[in-house]
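Order as written gives the chain letters A, B, C and D; numbering starts at 1 within each chain.
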Amino acid sequence: MSGAAFGYFPGCSGLGTSLEYERSTRAVCRELGLTLWDIPDWNCCGSTPAHTVDPVLSAALSARVFAQGARAGIRDVLTPCPSCLSNLRNALEHMEDELFAARVEALTERPLEAGHSVKSVLQVIVEDVGLDKVKERVRRPLTGLKTVPYYGCLMTRPEKIMRFDDPENPQSMDLLLQALGAQVLPFPLKVDCCGGSLGIPVRDSVPRLAGRILELAGELGADMVVVACPLCQMNLDLRQGQIRTRGLDYTIPVPYFTQLMAYAFGLGDEEAAFKLLAEDVAPAFSCMRRRAEEIKAEEARVAALAAQKAAARAGRGAQSRANGAAGGEA
Amino acid sequence: MRIGVFICHCGSNIAGTVDCAAVASKARAYPDVAYSTDIMYACAEPGQDAIIAAIKEHLLTGVVVASCTPRMHEPTFRKTVERAGLNRYMFEMANIREHVSWIGKDIEANTNKAAELVRMAVSKLRLNRELKPKSFPVTKRLLVVGGGVAGIQAALDAADAGLEVIMVEKQPTIGGKMAKLDKTFPTVDCSSCILGPRMVDVAQHPNITLYAYSEVDSISGYVGNFDVKIRKKASYVDWSKCTGCGLCTEKCPSKKSYDRFNEGVGPTTAIIIPFPQAIPKKASIEREYCRQFNTGKCGVCAKVCPTGAIDYGMQDEFIDAKVGGIVAATGYDLMDWTVYQEYGGGRYPDVVTSLQYERMLSASGPTGGHIKRPSDGEEPKDVVFIQCVGSRDVSVGRPYCSGFCCMYTAKQAILTKDHIPDSRSYVFYMDIRSPGKGYDEFTRRVQEEYQARYIRGRVSMVYPKGKKLIVRGADTLMGAQVEIEADLVVLAVGAEAAEGAPHLAEKLRISYDSYGFFMEGHPKLRPVETNTAGVFLAGACQGLKDIPSSVAQGSAAAAKALALLSRDMLDSDPQIASVNLNRCVGCRKCIEVCPFKAIQEIDLRGQPKAEVIETVCQGCGLCNATCPQGAIQLSHFTDNQLLAEVEALCRF
Amino acid sequence: MSVLKEKELRVIGFLCNWCSYGGADTAGVGRFAQPTDLRIVRVPCSGRINPLFVLKALLGGADGVLVSGCHPRDCHYAEGNFYARRRLEVLKGFLPVLGIDPRRFEYTWVSASEGQRWQHVVTTFTANIHALGPASFSPDAPELEILNAAAR
Amino acid sequence: METVLLNGRDDAFIRAVEESSGQVVSRCYQCGNCTAGCPMSFAYDYSVSQVMRLIQAGQKDAVLSSKAIWLCAACNTCSQRCPNEINVAGVMDACRQMARREKKFAVRAMRAFVDAFLDSVKFNGRSHEVGIMALYMLYTGRVWTDVELAPKVLPKGKMPLLPHRIKGRSEVAAIIDRYKQGLSDPELARARLAKDAGEESGKGKEAVS
């Protein structure tokens, strides 16, 4: 699937709070041979607030995005942000209904032709590019890094609209991280809600919900919580300090999966952009390196032992008649 | 022809939305109708008497009754006209209840439609001919498929009444699901103490031949004379030599086999005797786990067997049997609950099914009757029971109530307290369904006496945290979200028709519903019969039910089979195909399509012709629709009769 | 036949006794409301249905014909519905030759337990026929005579 | 607690919720799975299943003035796990939209946040976090909201103080304005579709004759 091209919709947070997602996504896509055409003069999809007010308003904002793409000859849209993805998908789905489409057109005043699609960066990498290709590209495997993948609630839900992975126990990021060489711990809260955009109006929500997620990640001994959603990332990383004042007793970095890909692909600091995260990744990486060395030493020990045994067996075979029953196994 | 027409009010069931008098009066204008009236209840004794009186008074030669579905009362009215001296096939029914009055409220449209259905019936009746059944001898032997408690009851009742019985059981032992249970509700008496002796009775009964580890391979024939082929699966142990001593199971080195009988609670060996009270108590080898079969090297069981019963070269064996009737008692299985990813989908060892828990409670089970967490063998203190996992859940395609989970969950909560006095049981339920003798009292006892904490609500999610399982649920009566830190979670997994049930139904030519449960002849009046004569139903295969109901239905099925097989001769259905030899050109097309091999080629003065074997023909009419000459006609459903119905509806 | 003017069209159903007729009964017992247009001819098996019956009905002025049998593999007579499907498939392809809109003929499978499915089938089919409107055939259609001859 | 007079069930309200959400609320059998899984339950006045029950009972006022409908995070956990396949989150959405139309705002902060967000989109064509926060503080008077986060993001360039304005922001503003003028009303759209269909079928008839 190399050489594929998509219209790219970074989403508003890509210009701000998820700058690191944006940079690493572009770098990783380039490395995997995906061409991204920026949708010219794209607008905000309306996010949760527009949807809260009225799905028609939300769909109208999405419809303008698709129309802008269509002007540049773009039909297939790619976005890193699950919230944008959800809005864009919902818009396409709802507009299959004639009446709904007519109501949207009353707002946009330009009709939308059929034939648009939208996918997440994660879905395209896992399903279209394929994990084999990702594996091939790895230069710096993440051996020894203990990760928990956190998908959030929007990536796979609602099932009928997102049509991607298992809505209760998704696997795509698990497999992707394994392809990068990392250890993936089974994480039962991988689709629990982190509080979403309610962090601002309901202050208590994020410490409570994101706190629960971070706490379990810590209990499992993870070095990092790996995410795919800017909103989740903000709640888990940027607000981690707020959560700590409410009882969380450790820190854990929360990078995007694309940042780890950039790192594993051997790309530069600028593109992996770990510096933009609130919580420092350095301790986690030094843990990883220490563990990688332990693993290497262990592997060497096992190999040596196996060689020793093989040699002993060969020797014993030759001497078996002479030695009789003397040979006891080590 | 002089036809009489009777329009039944069925109280207000029909008369409520059909003007019955108007229909009767319209019918008077139909050809050959000599008499027409409306009648309050045609099927009641006064109604039937009125029909007989009218036949005599008006010298009727044919009768149309417009009432309910012929699937209900056609046999009733056929007997009625017979009592008045008419041939039973000089009768037609118009279904103006199920197909008219019950499905629409528009009186004008209903009345018009009812009149037209009567017109169709009259048109067909005008072409009806008198038909006479032939009689044939009956094989006085009963086949019981399935050796659970329902099948055991049916087999013993029939055998006690003197009937020869063949029982076929898929597993290496009979006993079914009941044999896996520790105790039964609402008496909390020991399951194997009640069932065990009945299983022994089956083994020892002179009239019962048991084929365990066997399946019905194929069935042909018809009521009174079914030909059954039974496949005896290779157990790789010669059961005529096996004494059930169990030495082989002790010595078998392959100790990681899946333990089917114990629902996978702990592993077992590749050669097994399912449980100590198994009937027959014989060993069998599970091929997929056996070292001899997988590596070609082992042979331990053959070496230790004192009677030399092990036979690795054994092949499946086929047995042909002739039976007059069949009881299907194939029971149920649990649905695949791993679709519930929110409960771990099978990833968390301490989330178990109710049947697994039953094996843990059982003294003869793999834990010796000690409740232990599968993960670490520790005794759980907080046990959460979740009901309706795969029952009453449209989202997993199981909208029905499994019927017995409320009761066994209550029982398991009681047993939990008995086993671990300082434990706490939590039961998440939606409704408590306990309509049985002593049942509701039982569910009160578990709460009042045994202090089980009943929480009205469903569980959204179960996940491990440290050594505990966090159960996230709701108490809808409090209107609150609740959480429980549990040591063990027991899922009351919903039941479904036994694996392979639809396949057996196809062999038996009986219907099954979309969940694989076999269809009874009539939901109220023919609960153990099927629409295939000679095939009866017992137990959960017909619809989920508990032990007392299964036993009752087992007895009922035996009674029905006995009534059928007590006769020496049966009447054949004369609604079969027959060949007009003048028209037949011997093209053989009918012979090719007949699913029952009921048509043979004969030679008539050097010309090939088709001939119907009357006792074999089932009356489907496939040949009739196939015959290019219209030479072969299905009696009572001839081309002319069906076209007469169509013409009654046509404009031109 | 006297359909109610403006209200009903002529819709004829051929139903096998064991599955679909039972399904229609189940729908009735469940009081699942249905349009009143349909008139049902009961046959032992959908395999009993000669395509000529369907043609006769359509050429005789029926506005729609619905055939319903047991689900595949659930036939009371083992394989009757399988033959029915093959024959009726051919018939559907043949209808346009006679100038009949093939949408006026439909065949489906409904089991005896599927009362709700039957309600859905009848309601949709009747609505489809109403959308097509009354069939336009003259009583002296030459096909009808040929057919009448064939059926005798 | 007040006695609820059940004869007074507001059927029009039930119909409106069902129409707007596309869900059949009578399918809910009150198992409580939605309540059990809802991450925001802790902040609700009525639990999700109680909201569903209130809708079934046609208790319009209680539903539209509840906090719950505003605090739903739209995470879809309830919809995903509903045994009756009800899109519960969609029902909550429908109620919130209805409350907004009826000018019932049980959680003022939510309204302020949504208004701030949409205003930001309207001014710039895109959402601008700093702008949203400023507007939110202005609308709620909660001046110190999340200010402690600023030192973490401002120096990294993750919260540009100036918005990214798009060229077509007047188009976006027009969409929002038209919405506020009520141009997306379903009746208007239905009438227009009927008119179009009329023209179509007119053409069709000519073609046939």
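One rule holds in what follows: contacts are C-beta pairs under 8 Å (C-beta built on N, C-alpha and C of every residue); 3 or more make two chains touch, one makes a residue touch a chain.
From a predicted model like this one, the values you see are computed outputs, not experimental measurements.
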Pair of chains joined by more contacts [C-beta pairs], A-B or B-D
B-D
I'd like the most central chain, judged by C-alpha centroids against the all-protein C-alpha centroid.
B
Mind checking the centre-to-centre distance between chain C and chain D? Centres are C-alpha means, answer in whole Å.
47
At what distance in angstrom does the C-alpha mean of chain C lie from that of chain A?
55
Residues of chain C whose C-beta touches two or more other chains:
none
Residues in chain D with touches to at least two other chains are numbered 42, 77
Note the residues in chain A that touch 2 or more other chains, in rising order.
167-168
The chain C residues in contact with chain B across the complex are 1-4, 7-8, 10, 12, 17-19, 21-22, 24-25, 27-29, 31-36, 39-45, 47-50, 52-53, 56-57, 59-62, 70, 73-80, 83, 87, 111-114, 119, 137, 139, 141, 144, 151
Interface residues, chain B side, partner chain D - complex
342, 388, 392-396, 430, 456-461, 472-476, 479-482
Give the list of chain D residues in touch with chain A in this complex.
39-40, 42-43, 71, 73-77, 79-80, 87, 89, 93, 96-97, 100, 107, 109-110, 112-114, 117-118, 121, 125-129, 133, 136, 145-146, 148-149, 152-153, 156-160, 164, 166-169, 171-172, 174-176, 178-179, 183-186, 188-190, 192-193
Residue numbers of chain A touching chain B in their complex, please.
166-169, 186, 188-189, 216, 219
Which residues of chain B touch chain A in their complex?
341-342, 344-345, 347, 463-466
